[in-house]
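Common to both upcoming complexes is chain A, partnered first by chain B, then by chain C.
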Partner chain A sequence: MATTTASVSISSGDLIPGSNLSINASSTLMKAGLTTGLTQVESGVISLALDTDSKLGPLATEMSGDVHDIASWLYICNKATDDTHYMDFGIHNTNMGRLYAGDWMFIPWNASDDDAAIEVEAKIAAQTIEYAFFNSNFILTADAG
Partner chain B sequence: MATLTPTLTLNSADAFSDVVNFSITDDLTTKAPSQSLSTIVADTTGANNIIVAANDDKQTWVFIRHTGKAADGTTDTANHCDIEITGDVAAGTLKPGEFCFFPFCGNGASKGVQLQAVSASVTMEYAYWSDNTAQ
Partner chain C sequence: MATINATINISSDITNYPIRINKTMTMKKAGSCHGLDETTGMRTKKFAAEASPTAAVIVEADEITADKATKVYIRNTSSSKEGYFYVAYHAGAAAATTDQTIGKLYGGDWMLMPYDGGTNITVASDGAAEQTLEYMVFADVIMAAKG
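The block that comes next holds the complex of A and B.
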């Protein structure tokens, strides 16, 4: 069993006058039962062609049926260095947000069905991203709908 | 205008045959609107728990954490909570104690972010910051 720990700190000295912001959180990435660590990892660096929709990782396309609905985590960092370059990302064919040069994100991902692939698309210019998936083969509790 | 500095650290001694241990940080420029660290009891209807309203394409950074507490404040280690785009588009699930940090913008679709407890109401913590710049 692998033990992977994720920690985040968010700080600001000038967001609120007289009050520094300091948020800290940490968790161990677990399978659905919260007692066993995630066991599957995929990581790498890939190039995204301009304006070309790409699905991240083999997990996005090779799972079927209930196997989709597993505990998964995704880290992405846009390694672009030009401030105007960004990549869009989305799920269920719905755009969620964009990562500009140097920005990163860390999200849970429910690949609940065939349409739930994480999709990424470079804008302005081709870009390179760094990513890591952490996931399990343990099916989550059904969505409440 | 303010500067927000988020830092992520991932480490594992046994996920790979080599040790994983890295940190990445960023400097984000933020403007109004922002929502300071807040709590919400999320029930099983996502539309009741919209934490980021449709923002007309503003780049917004969102932090969400499952507090591991039930609606009454007692410890809850069982019930999950989905992170959704408004309109019930599920993106991921937070289990008790877990967190996420991501950029969000409706990209012309007038979308926001909502929370939907999977089985029973849970207490969630969240905050967001915007750069108020149309995307």
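The block that comes next holds the complex of A and C.
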């Protein structure tokens, strides 16, 4: 069984006066409701064209058994270096947040319905992101010829 | 201006060549080199076991200035890998079939996501057992709750 572990450390000495912020958390990523680890990963470093909505990772319909409500995880880091550059992140045609230059994010994703695509779009300028998508349900699409 | 650093480490042996991701970000204000300096502080909320749990708003959009560089950290502090919270970007629902459901946080799972303040962040416990959620918002601007 594969083991995938994700940990985070958030710290600040001056955000809250008189109190050092120190958050540390670690989790082993499992299949939904189970104690067996995830088995598949898709990752890469890709370019995002300016103002062009792009899909990241598979739709539910592109996974084994058209699965929904799964346990999968997405990591994205915006590799831009200009502080004004950002990418919009969203699910199912709804923007949820901006990932600025140098920022990373890590979220669960459960493929709630057939149209629940993960979407990213570069703003201000084209950008490069690195990402990793941990899952157990990928299938390779058939060649349409 | 404050300095907030967040570091992620991911390790995996899914592939024959082990995956190692290590990345640190300094949380900055939107389009700026200056650090985020407002926060809700760490909040914890215990959710009792119940047959039909209702969704709860943990981040209210009207308290966050929209389209900035806000970040939201959420963690299920329980140890059970059977129990979970749904997390959604939605005015008042968080369930498997909600269009803007983000995902499920099982016991020990955590997430850190950018947030644009467009609508609420909502959670729903699966209700099978008592669970506790901890969460914290880091933002450019947090408005005091409306009276």
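To be clear about the criterion, the second predicted complex is superposed on the first by the 126 of 145 C-alpha atoms of A that agree within 3 Å, B and C clash if a C-alpha of one lies under 4 Å from a C-alpha of the other, contacts with A are read in each partner's own complex, and residues count from 1 in each chain.
Note that in this section contacts are C-beta pairs under 8 Å (C-beta built on N, C-alpha and C of every residue); 3 or more make two chains touch, one makes a residue touch a chain.
Computed from a predicted structure; not experimentally measured.
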Check: chain A superposed: clash or fit between chain B and chain C?
Finding: clash
Next item on the list: Could you say whether A:Thr84 touches chain B, chain C, both of them, or neither, answering first, second, both or neither?
Entry: second
Next item on the list: Considering only the touch criterion stated at the top, classify A:Phe134 as touching first (chain B), second (chain C), both, or neither.
Entry: both
Note to self: Contact-wise, after the overlay, does A:Thr94 reach chain B, chain C, both or neither (first, second, both, neither)?
What the structure shows: both
Notebook entry, point to check: Where does A:Ile10 make contact in the superposed view: on chain B (first), on chain C (second), on both, or on neither?
Noted result: both
Margin query: For A:Ile23 in the superposed arrangement: first (chain B), second (chain C), both or neither?
Written below: both
Notebook entry, point to check: Where on chain A do the contacts with chain B and the contacts with chain C coincide?
Noted result: 2-16, 21, 23, 25, 27, 29-30, 32, 34, 38, 41, 71-72, 75, 77, 91-92, 94-99, 102-110, 112, 116, 132, 134
Notebook entry, point to check: In the complex formed with chain A, which residues of chain C make contact?
Noted result: 2-15, 19, 21, 23, 25-28, 30-33, 36-37, 39, 41-42, 67-71, 73, 75, 81-82, 84, 86-87, 89, 96-106, 108-116, 118, 136, 138
Check: Which bits of chain B are touching chain A when the two form their complex?
Finding: 2-16, 20, 24, 26, 28, 30, 34, 36-37, 44, 59-60, 63, 65, 77, 80, 82-83, 85, 87, 89-105, 107, 109, 111, 116-119, 127, 129, 135
Notebook entry, point to check: What does chain A use to touch chain C in their complex?
Noted result: 2-16, 21, 23, 25-30, 32-35, 37-41, 43, 68-69, 71-73, 75, 77, 83-84, 86, 89, 91-92, 94-100, 102-110, 112-113, 115-116, 132, 134
Margin query: Considering only the defined contacts, which chain A positions touch chain B in the complex?
Written below: 1-16, 21, 23, 25, 27, 29-30, 32, 34, 38, 41, 71-72, 75, 77, 88, 91-92, 94-99, 102-110, 112, 116, 132, 134, 140-144
